[in-house]
Amino acid sequence: MFNEIKSLNEECGIFGIYNSENASQLTYLGLHNLQHRGQEGAGIVSSDGRQLYQHRDRGLLSEAFADPNDLKKLIGDSAIGHVRYSTTGRNSIQNVQPFLYHFLDGDVALAHNGNLVNARSLRNRLEKHGAIFQSDSDTEILIHLIRNHIKDGFIPALKKSLNEVHGGFAFLLLQKDRMIAALDPNGIRPLCIGRLTNGAYVVASETCALDIVQAEFVRDVQPGELIIFDQEGMHIDHFTTQTQLAVCSMEYIYFARPDSIIHGVTVHNARKRMGKLLAQEQPADVDIVIGVPNSSLSAASGYAEELGLPYEMGLVKNQYVARTFIEPTKELRENAVKLKLSAVRGVVQGKKIAVVDDSIVRGTTSKQICRMLKKAGAKEIHLRIASPPFRFPCFYGIDISTRTELIAAHHSVEEMQKILGVDSLRFLSVESLIKAIDIPDAGESPYGGLTVAYFNGQYPTKLDDYEQGYLASLNEQ
Amino acid sequence: MFNEIKSLNEECGIFGIYNSENASQLTYLGLHNLQHRGQEGAGIVSSDGRQLYQHRDRGLLSEAFADPNDLKKLIGDSAIGHVRYSTTGRNSIQNVQPFLYHFLDGDVALAHNGNLVNARSLRNRLEKHGAIFQSDSDTEILIHLIRNHIKDGFIPALKKSLNEVHGGFAFLLLQKDRMIAALDPNGIRPLCIGRLTNGAYVVASETCALDIVQAEFVRDVQPGELIIFDQEGMHIDHFTTQTQLAVCSMEYIYFARPDSIIHGVTVHNARKRMGKLLAQEQPADVDIVIGVPNSSLSAASGYAEELGLPYEMGLVKNQYVARTFIEPTKELRENAVKLKLSAVRGVVQGKKIAVVDDSIVRGTTSKQICRMLKKAGAKEIHLRIASPPFRFPCFYGIDISTRTELIAAHHSVEEMQKILGVDSLRFLSVESLIKAIDIPDAGESPYGGLTVAYFNGQYPTKLDDYEQGYLASLNEQ
Amino acid sequence: MFNEIKSLNEECGIFGIYNSENASQLTYLGLHNLQHRGQEGAGIVSSDGRQLYQHRDRGLLSEAFADPNDLKKLIGDSAIGHVRYSTTGRNSIQNVQPFLYHFLDGDVALAHNGNLVNARSLRNRLEKHGAIFQSDSDTEILIHLIRNHIKDGFIPALKKSLNEVHGGFAFLLLQKDRMIAALDPNGIRPLCIGRLTNGAYVVASETCALDIVQAEFVRDVQPGELIIFDQEGMHIDHFTTQTQLAVCSMEYIYFARPDSIIHGVTVHNARKRMGKLLAQEQPADVDIVIGVPNSSLSAASGYAEELGLPYEMGLVKNQYVARTFIEPTKELRENAVKLKLSAVRGVVQGKKIAVVDDSIVRGTTSKQICRMLKKAGAKEIHLRIASPPFRFPCFYGIDISTRTELIAAHHSVEEMQKILGVDSLRFLSVESLIKAIDIPDAGESPYGGLTVAYFNGQYPTKLDDYEQGYLASLNEQ
Amino acid sequence: MFNEIKSLNEECGIFGIYNSENASQLTYLGLHNLQHRGQEGAGIVSSDGRQLYQHRDRGLLSEAFADPNDLKKLIGDSAIGHVRYSTTGRNSIQNVQPFLYHFLDGDVALAHNGNLVNARSLRNRLEKHGAIFQSDSDTEILIHLIRNHIKDGFIPALKKSLNEVHGGFAFLLLQKDRMIAALDPNGIRPLCIGRLTNGAYVVASETCALDIVQAEFVRDVQPGELIIFDQEGMHIDHFTTQTQLAVCSMEYIYFARPDSIIHGVTVHNARKRMGKLLAQEQPADVDIVIGVPNSSLSAASGYAEELGLPYEMGLVKNQYVARTFIEPTKELRENAVKLKLSAVRGVVQGKKIAVVDDSIVRGTTSKQICRMLKKAGAKEIHLRIASPPFRFPCFYGIDISTRTELIAAHHSVEEMQKILGVDSLRFLSVESLIKAIDIPDAGESPYGGLTVAYFNGQYPTKLDDYEQGYLASLNEQ
């Protein structure tokens, strides 16, 4: 969890609540526990049954809502919120969600986690027919599609529109008198429903956001579902029945908080099992095992436990954020990870070490960490990655949409071991990854109900606008 | 480490550098790695050989130096810096250090970590003779004492003054052409010296601050020493020879970063040993062992390892700070720790758990944590504290100077167990604490060169202004 | 001038520059001299020939551009800017202009001064066809109209669109390679063209903005004109020839800066003549003449001069803005004008005074001023208004679109005299107003080329969306 | 009034109120009307009878008190406040007044308007005896002197101290249960007393600050007086009887607001008389008369009236402050006054003009104004200054303490006329200045109770620390 160190970023977290007092305050809390999913912008839109109220700004939740009045102004019993990591769109306030649209026939707010693979072609078509976009975000396309079908009524228009967009998406919509959640046909992004003791329904990207508002877990939103919350309660509907579960495996490996439960699987437990299976597949002859904080600690402790080795704190994370303009020395510029991580000399000196990390993307961070450990006196470094080599881009919301930057796309494990300067480098197999996660309700879905395309190139959807570039990139290497 | 969750606070961290390019930028970095020692104010004073430049403000380092120009203005090759937790003084900018004083005969800057036990009587005496204080801080007393003796010359005046103040103190002073470090006769606060490859000397509260500026550790400052850095290098002098080592044991238990090395002991290793010895003294019949993040994780892993039990992540810390005005529900107001910690249901549900914590001060946090774990389904909770009961106040810089708030001062272990609502509660013994830390150069110093007064009431210094109140409090219970 | 005291507000000022170095800096300067036209938001969009750059924020220009980088980022040789007073739209950043729209076929920026009378019906029609609006501003309608006609090419589409919108409007548009200015068929809002010594063209709401950038006045934009600035220079075109000059008379009376020249008439001179004609029509038997600062000083000095009476400073304006939350006393809450104006006791005590004001809208301010003067010892107050009674709303950009709040719409002069508590009250006649302004190129246009609808109800355009409400209000009194 | 254009600056304004509800809010209002006396810092200290509360910050009052809570925290029934222009001291928050000192025997707050001529020698002496200064301000000296005599009791110590400081000073002190005002033996700075209808006493630099809080004027504080406000009311005492009135004439000429009454003279009236006497002494053969806004408008109207000439608005002041980093062109950099003033072409073109200004200090501004008028078409410019040539520095609080920068100190009127590029230049005589002001209670005091040293070098006090430098400067020319 916590994407500060990795060069791997998720786009967002979403949270909504319908028909509860303190709706916007509870939404703030929910977003607080989803903050690891996006730190570049935050917003909330509330409804008091008559109109919608919006506040959003750049930065962390605590920065975007720095003034107590920001929240107080968001009156009403329903609210949706969003935390954002900026990927394609520029980091301007115009791209911070939830978006709020004023129509003469009523306001609509919209929050989105995911990425659409046919955004560009849809936007092209829409602009040709006079549509005007206010943001760079693909999220805005949905509202334009809805408006194009609006004469059918809002829900039918929404269903039609959801069938026109492709990719991985979890949408939350708020109107003055109802809240709507929708999930793509593969359920690539996680989305769950909870309930407060006062009867109010809550929707969130992860269960850890239910916990902080003391909501009880009800169920995961299923692929293709459209769930409507209104004065009469919760209505489960769907916009398509052509579905097949393919949850993003990176949620388990890296993004989600360890305390979250996705499709029945506690993230920490899945990670610990990844560590154990990695130990079985790729043991190491070392004195101690250490993890890269914070996302790899679960896997590292599993690895140590399986091999009966001491699990030590060989790296310490500085929880405070340093200003990036502070880089006086060449060494530091080349090793910016130093501002975030420190090696514990008294632990690693003179030791043969298994370093467990959750994944390798560009390799830059891993290289810096290993150099740091060597400098602190480590005798040998055996890098163990608790996931398979990350070789193919993600088009569903992770900030890796080309192969160019992926070290594993262009290098063999042997080459990578040399580049990173470690004594050995080993990865978890795709099979063990699937086995470690083990989604109970995966049914007949391939790959145990997971998207493992990053490792094997087998995408659960068509790639649309990305297809050509992707195919070209496969040949380029 | 990292004092966000505990109700136990250290006053400060200090850092200084003499004769290096980028002096103030390196000081910023050093303070970045000392941020866990104080989050309520930060400041730097630099010297360019002719005059001193100051910037200081309330808040975290990144808030106090929000504008890149704040740092750019601090020109020159020497600098001292300070991060502060406000204890006695009010949280006004006037109390943020380093203090800078302009005299017609030259500027002096001053940064301090610790607490003086005769501050009030000294200030009383000084005010009677016309002295005017600009802050509430006891730090300011030193400069008044120096000015009273200034006709003897600065260094003699400083030595005299250091003999007049009592308590635990680490001082850093900066003049236009030299930097001076001084440590109290018992070495209660840690202070170490490092050296850059460019030959510049660095002084810091903890070695983790040397690491980030890539300074090599030279030595700990010893009790009673006065160390002068000037154009000719480092001069080791002393203001008293009546010394006896008594390092604050809470530095090892809770305050210091796990990667810091104090008097030859790596903090993580000491903590892990505390966990192991605790396991030997106070084993528990449980399924899993968990620690309270972040400061108790080392001890918890030691405890688990010693007993051969699974070490799990049963609590997750939210690394983002929530605004405190967000407390919509009664439950949350009573359990504010929820904003910072979450129980991992998938880990603790149905389990008998040993929860390892580093210490118990007021007991409020522990109580909330245990309640949270129970609510998440824990079957039994056996609380294991990796230090002895905290029964006596600290007068040397920890924010606990009365017994009133100390739960262990007023309750037996049995009573505390009941209050906290746990199935069992056990503490480490003082002997094992000393054995776990095991300072190599403690020599003949009692208690292995540690201050363990918090546990046994044996203070290494006279208590002066606090004496009466303390004695009274002993009888009050 | 300067609308701080009056409860009468103009919507905006616009400024543009094409093909000059320092384009955005010069735009800032131009807006600085147009600040009196709008203080609630400011923005600039620049072009470097390839793309457009935007910065905008709420507040005064100096607040919206508080950070030097805000301006530095606006690179390129062309720019348009806007200062805004919020009327219909909410005071959110989304309503701050210039608006910037990204299309796959190129960016367009848009700034507007004025008000459209058929905005609501156009928006209604557009939304029905799927259009989505991001602001509450009527300005946005133009860009939607353009996009609907875009297949004809941009300029033809723009011309068509300008014929679809009705009301008073001055538009500035910026594309990556050209700037376009357009003025409504009655020229209700002022707009002029200047030229720098470097050959660059400048467009501004008032000539005072040409002066500060040292541009030479070229000509006023004429009703119905569409003027295009591109690499080949300035092209004068028109979107309609059905035009008739009807400049807003309030520009001369109150809004414009006294140094501006609108259609050949220096505003100060027009005001001074209003004062002189007022003196001829409505003399007063008084000791001294005073004006209400700042907008009435020209008229007051004309009034005094014509009657050979001493012109005195009986009211002083505090140029600093007080926080509105500072209102401790009842007296002050009822007399908030005290924060802005003070009576000069040493001038008014024991005197019979002619107070010259430019206009009366709600009457609240006038009442407070007169009470203040009485309290300071004035013996008699003879209020002389240098314009006719303001009886009809404005639909072209002044913040008075209903009759409800207009005191003169509901009361005779005698009643108003009693309400205001003055010894006499007299107004300038419409004929004298026209004579005082005396636009040289008015030609055959009725009312000397002025809009005097506020005084006589004769609007130069159809009222469209406002028609019904307006007619109803006429009967309500 | 209003020192934005002049390069002549006053140090401060002070305001105090004793025993009234809303004390700090009323102090804010009072300072609002004194804002023209200082724009670089503002502060208020209040007392609730038990302790003192302080808020102060850099910038305008509205900036220093940007957050409503800043004021709310200043509880209690008494308060003193200060607005500051930074002269000698650096522009750091430490120099912003009122200063607040915490002593074990009670808090004291201190606000000061003026300048001490023996500050440096006093500080030297005090530092030698161990005193530590926190600011660069000479104000702080008074509190050190008081503390040195404190064994005599506070009031005797204060009296002794007031006899040790020399120069021009108006002090306000606040203790928890009383407020004290003191004025130097020559009454160089203005200070007056007012009373609210609730019986509370108010002290302020100018009467315009009494007006805004609706206080009735009681009396001017007289030279050498020490006035104590406590639960029993107002006590008039004095610290010396060796007094002789010598009010700073620049208060009448330039600093004070036109509505203020100082020693019985309304400032606007004095200025108008200066204009009239100037007209008698130095008429001009011109078409129109214009003034430099805002401080010269009174004199200009007097000048016009006396000669029976039209008084016109030839220059317009932009009331909005431009960021100083906006200076794109060379012309603008050389003529920064353009951001603040504009010539009215339609008024001045082709005219012979008398330009009335209140004073000439460096001459830079006058030169730029005249150039601007010529550029706008003025045919002839006859500059008339409504005060005598400013040839000698001020040591009592105006920001002109050396002769170097004074154009009249180094040039004859003929030379200045040439430098400024005007067709004629004339000044008011010292005799006429005194006659125009005409203080009723001046008694036998020389120069009609005024300090006219700036014009004739006859200082009312010894110059102490400035003596040597001043004498040297006289010879240097």
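By written order: A, B, C and D. Residues from 1 in each chain.
By our rule, a residue touches a chain if its C-beta (ideal position, glycine included) is under 8 Å from a C-beta of that chain, and two chains touch if they have at least 3 such contacts.
Composition by chain, UniProt nomenclature: A, B, C, D = Amidophosphoribosyltransferase.
All values reported here derive from a predicted model rather than from experimental measurement.
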Using only Cα atoms to place each chain's centre, name the chain farthest from subunit B. C
Intercentroid distance (Cα basis), subunit C paired with subunit A, Å: 50
In whole angstrom, the CA-centroid distance of subunit B from subunit C equals 62
As a quick test, compute the distance in whole Å between the mean CA positions of subunit A and subunit B. 36
Quick check: what residues of subunit C touch more than one other chain, meaning two or more? none
Select the category (line, ring, star, complete, other) that matches the graph of chains linked by touching. ring
Chains grouped in pairs wherever the two touch, ordered by label: A-B, A-C, B-D, C-D
Along subunit D, where are the residues that touch subunit C in the complex? 1-2, 21-22, 25-26, 28-29, 32-33, 35-36, 60-62, 65-66, 68, 71, 208, 211-212, 214, 257-259, 261, 265-269, 272, 294, 297-298, 301, 305, 310-313, 316, 318-323, 325-326, 328-329, 331-332, 338-339, 342-347
Considering the complex alone, what residue numbers of subunit C touch subunit A? 93, 101-105, 123-124, 127, 129-134, 136, 143-144, 147-148, 150
